[in-house]
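Pasting the structures in now, so scroll down.
One chain, chain A, links the two complexes that follow: it is found with chain B in the first and with chain C in the second.
Then we have the complex of A and B:
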């Protein structure tokens, strides 16, 4: 065992000091990226809001590139590196076998990030985060991404090394916890993602220096092997955090390990191939390849999300029913700790991810329907529901536990922390739905001026579009306010928050500043508790969840059907 | 029924671990499965599609 382990007074887990430190630095850099990306997002939003139309055309695309890279790549991935160290070293009581390698990887990632930021702000890389060839950035941009990716790949390798060492040194027995299994899923998908990254960015770097040719369709194929798969790292990490937060906040349980783990394995098998849904209107691929990769097989991954979408709330419901919260269908929701930002984040993340992100995603990923959604605002509408209201919000929620447990500080401005998820989730809910609506009217994504003022042609959108975009802007502004609150709270807590004494568990603390799951954790389950102790209801052991799931399925069917109807209106026959 | 943050044991202590659980417990097996599926169906097949595209008849 490494000499420098501390024992967490709240959870009893042994925490390796390198893991501790790496989690902290990754989380801090993630927050810096969130800040840069957030400011860029605000300016981009104020430009897409046609009534304001703030930026000129060059800075619109520059800041859109900066927003995409900082949010989707730097914020999310640095945070995920922290999640990998947490789910391996911390949850398994394990040591970090190669601290120097861990620091070198972090250094590479920061160096790469710095280079990319510099090229973007200096106007050397106005290529948006997809950098579709033949759009050409200057070579250092690609080099920066390569360095960043190599660093991330090393962290993934290190994660697997921690698992191996933990098993060999028997820091745990049996199978790894479900949360760690979710992180394993994320790491496996990350490996595939980064392989595609190497396959595409190294040639593109050479191409940017004039050393070789690249076929644009080849670029799109391999780039989306990276671009889509990386979103699935986010999904796996987010689901792992749902399980984690469920247990922390209300004592959520895993009803069936086999089912939850199988769902993660379905992600591993079938989710990356869905990269093809980005190429559904590309001329280079035939329908068999498209349909195989975006429906039949890929639906196994959709199934996996629907399984988690059931088992997570079911675990929350069952955990509470077993602890005596048995009133009615939804007593477990009414009596839940809504003032714990960890809990509210979990619920909003789950609901918006499923109802808005999931339903739109599966619909737009259908080959036929894609033709009316492709490159419209429906697409960013969809992914702001998945990766922002889903993943980013889950990351925010877990931060309120990471601050006391890892940074060993109180959460500052706790009253603001309580409402922060409401602002962020509420804003992004309105924003993403309004954005999707605007797209349904045909408004393009990534477009500086949809009035086409100086264009040689005119396109008239429905007059409703102005209103819908106005609603989108208001939602976006509320979301940004929520994001700003998060940054203020975390930065203040981490640098100026009250330190917790080494033996301070937070249990029963009177002062405001610790989430409820730490101050009064869910009481332990009675020995030998299992689902047979749950009352039998006509809708099963978890009737509330059943009702929610049925509502979800109806919404899904309706939205899917409406879109076929919209598609059929595109060609009026006869 | 279990806690998502705790390792799980086999049902009863020393019992033989079921095959499925042994597979799931091996991250490297999962990694290989993931790489194979992706590179066969998406990347490999996609590259074949591109290689078989006829030349554009444009001048």
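Then we have the complex of A and C:
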């Protein structure tokens, strides 16, 4: 082994210097994309808030394109590349076998990103994130995305190479940890997703130069094989981070490896069918195709999320009960480290993802209910709860651990870091619910002027819509403030934060600059801890979690059937 | 025996599921089957399904068909857009293009029509306000939906798929006349 390794004084893990560096650069570029996308998001919000209506029509759609690409592609995927290196090389004590390939892939991704940013800002690609053919951007836009995707695909291959090398060189014993298993899931889905990307963007690039024809429905089908499946990379990566943050902050356990891993495998099996959710009211596909695919083969991927939605909080609860926090149903929540931004991010991410994002997503993704949801604000309301309050918040939470563990710096403005997840989660929670509400009145998504002042016919939305959009704007602004706090904290920490000495573990008295999980890590589990050590309760061995998931189920059932009722009131259509 | 998600499990971890976890997985599984069953069930019993008649159509041919339809049932004009009153039971054509819906339709409450939607340029979105009924309108595809307006009044068609800088201008209209008026008057045309 020739790679240079350092030993982490906090965890005792050996960290390859290339992995260290690649995690850092990917995280930094992800943050830059978050900043660009965040500013664009702010301007878009201030335009959709009709009371302000800031941007002109051209820049509204241009910045909406920029917002979508930077958030959903660049921020998320660069961050996920960092997660892949962390979950493989770092967690498995392994070396990075091909540093040059790693750097070349990163370079390709940055080059692709640069080209796409230039085309978007220069007004050569006002086609929104989805760029539905035959809406046409200039050829370099598609080429940039192709280069980015090839780079990301190479990182995925590199990730698998690290796993192989780690196994062969026996850098760990037993099976890979669950968090790594989750990252493997994300990587497999990423490979499938990026191949869809190649399948759609290469022909589209050729089409943009007039070299071939593309059927608009073929484009929509394959594009969503990329567009929706890539959100499933996020889900898998986010769930892996939930388990990771649970372990770091309160010593959350894995109740049953079989169940949690099977749930991850279900994601892999049925995720490419998710493309169908966007085509439910399209003319290109028949009812049986729609029913079969929209159900992810009978909702097996939804089952997977409902399993993680139980096993993650149950792991937090059981981990704490085993350590003696046994008071009542919710003592494990009351006594949890709420001032640790890693913990608060984990809980808010889990709750908003499930209660708002999950319930709305499954409901709107039902073949017939989609008739009263498609292309209204209900859709962005749903995915801001999943991708933003869910995935992005989980990524933010783990950053507070990555800064000391990988960047070897203290977290700057730590008091602000403690409240940052509260602002971000609270704001995005209000924002996404208000947006979903506005959509039930039929307010369209992706629309510059819903007062229709210049349109030939008047559309007068109910006065409630003005109020709901006002609430949405306030929620959005609070969320953006939380996002801005995150950027200030991370950028300052990474460039100006106090350095940790190479042998400084951070263990000791509580102090500003280090999250609690590092200063005083969860106590080791009692020897031979197993189910028999969890007290008997009428509601089982994780009673608090059982109550929470039953509340979730009731909310789900009610929302789902209320939507069938709403649907039954509209014109009959068949 | 228990460990966290960042520790590598040793030995065999394929163990039976027990206790609350088993209960919840069973509940979730049953709920997923309910979710699945609802869709075929609604096809059998429900009144709103996105099935329709679907086939490919050449945009030029669709445009010509719309013109023919307008010619046949035209009753007037509003803001430069023809107003068309087709008889109940007929095939009705609506053309989306940057940035208009042509024609304006006059329908009768409670009557059945086959509403054909297509675009002659880019993707558009059919949103019927204030009903909140939404369909994707795709160039090269004819989507023929059997509709029964259940309420009289004026409805607007808002385009809700981004279709270029004039997207916000794209509002069309459907007028639904009350059943008794349509019968008594008869003088729509």
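Some notes on this structure:
Here, the second predicted complex is superposed on the first by the 565 of 574 C-alpha atoms of A that agree within 3 Å, B and C clash if a C-alpha of one lies under 4 Å from a C-alpha of the other, contacts with A are read in each partner's own complex, and residues count from 1 in each chain.
Everything that follows uses one rule, which is that a contact is a pair of C-beta atoms (placed from the backbone, for glycine too) under 8 Å apart; a residue touches a chain by one contact, two chains touch by 3 or more.
Here the structure is a predicted model, which is why all the values come from computation and not from measurement.
Contact with chain B, but none with chain C, is seen for A:275 once the two complexes are overlaid on the shared chain.
When the two complexes are overlaid on their common chain A, residue A:218 makes contact with chain B while staying clear of chain C. Applying the stated contact rule after C-alpha superposition, one finds that A:57 touches chain C and leaves chain B untouched. Within the superposed three-chain model, A:67 lies out of touch with both chain B and chain C [touch as defined at top].
Legend: residue contacts after superposition of the two complexes on their common chain; A:303 is shown touching chain C, with no touch to chain B. In the overlay built on the shared chain, the residue A:189 is in contact with chain B alone; chain C does not reach it. In the superposition on chain A, A:409 contacts neither chain B nor chain C. When the two structures are aligned on the shared chain, A:244 is found in touch with chain B and with chain C.
Contact comparison for chain A: of chain B and chain C, C touches the greater number of residues.
Residue contacts after overlaying the shared chain place A:175 against chain B and chain C alike. The residues of chain A shared by its contacts with chain B and with chain C are 91-92, 172-179, 215, 217, 243-244, 246-247, 252-258, 284-286, 315, 318, 529-531. Across the interface of their complex, chain B is touched by residues 91-92, 160, 163, 172-179, 181, 184-185, 187-189, 191-192, 195-196, 215, 217-218, 221-222, 225, 229, 243-244, 246-247, 252-258, 261, 265, 268-270, 272-273, 275-276, 284-286, 289, 292-293, 297, 315, 318, 529-531 of chain A. The residues of chain B lying in touch with chain A in their complex are 1-10, 20-21, 24-25, 27-28, 30-31, 33-35, 37-38, 41-43, 45-47, 49-50, 53. Looking at the complex, you find that chain A touches chain C at residues 57-58, 61, 91-92, 126, 128, 132, 134-135, 172-179, 182, 215-217, 220, 240, 243-244, 246-248, 251-260, 279-287, 290-291, 294-295, 298-300, 302-303, 306-307, 310-311, 314-315, 318-319, 322, 362, 366-368, 370-376, 440-442, 444-449, 452, 454-459, 462, 525, 528-531, 539-543, 545-546, 549, 553, 556-557, 560, 564, 567-568, 570-574.
Remark: chain C residues 1-11, 13-15, 17-21, 23-25, 27-29, 31-33, 35-36, 38-40, 42-43, 46-52, 54, 79, 81, 100, 117-118, 121-123, 125, 127-143, 145-151, 156, 158-165, 167-173 touch chain A in the complex.
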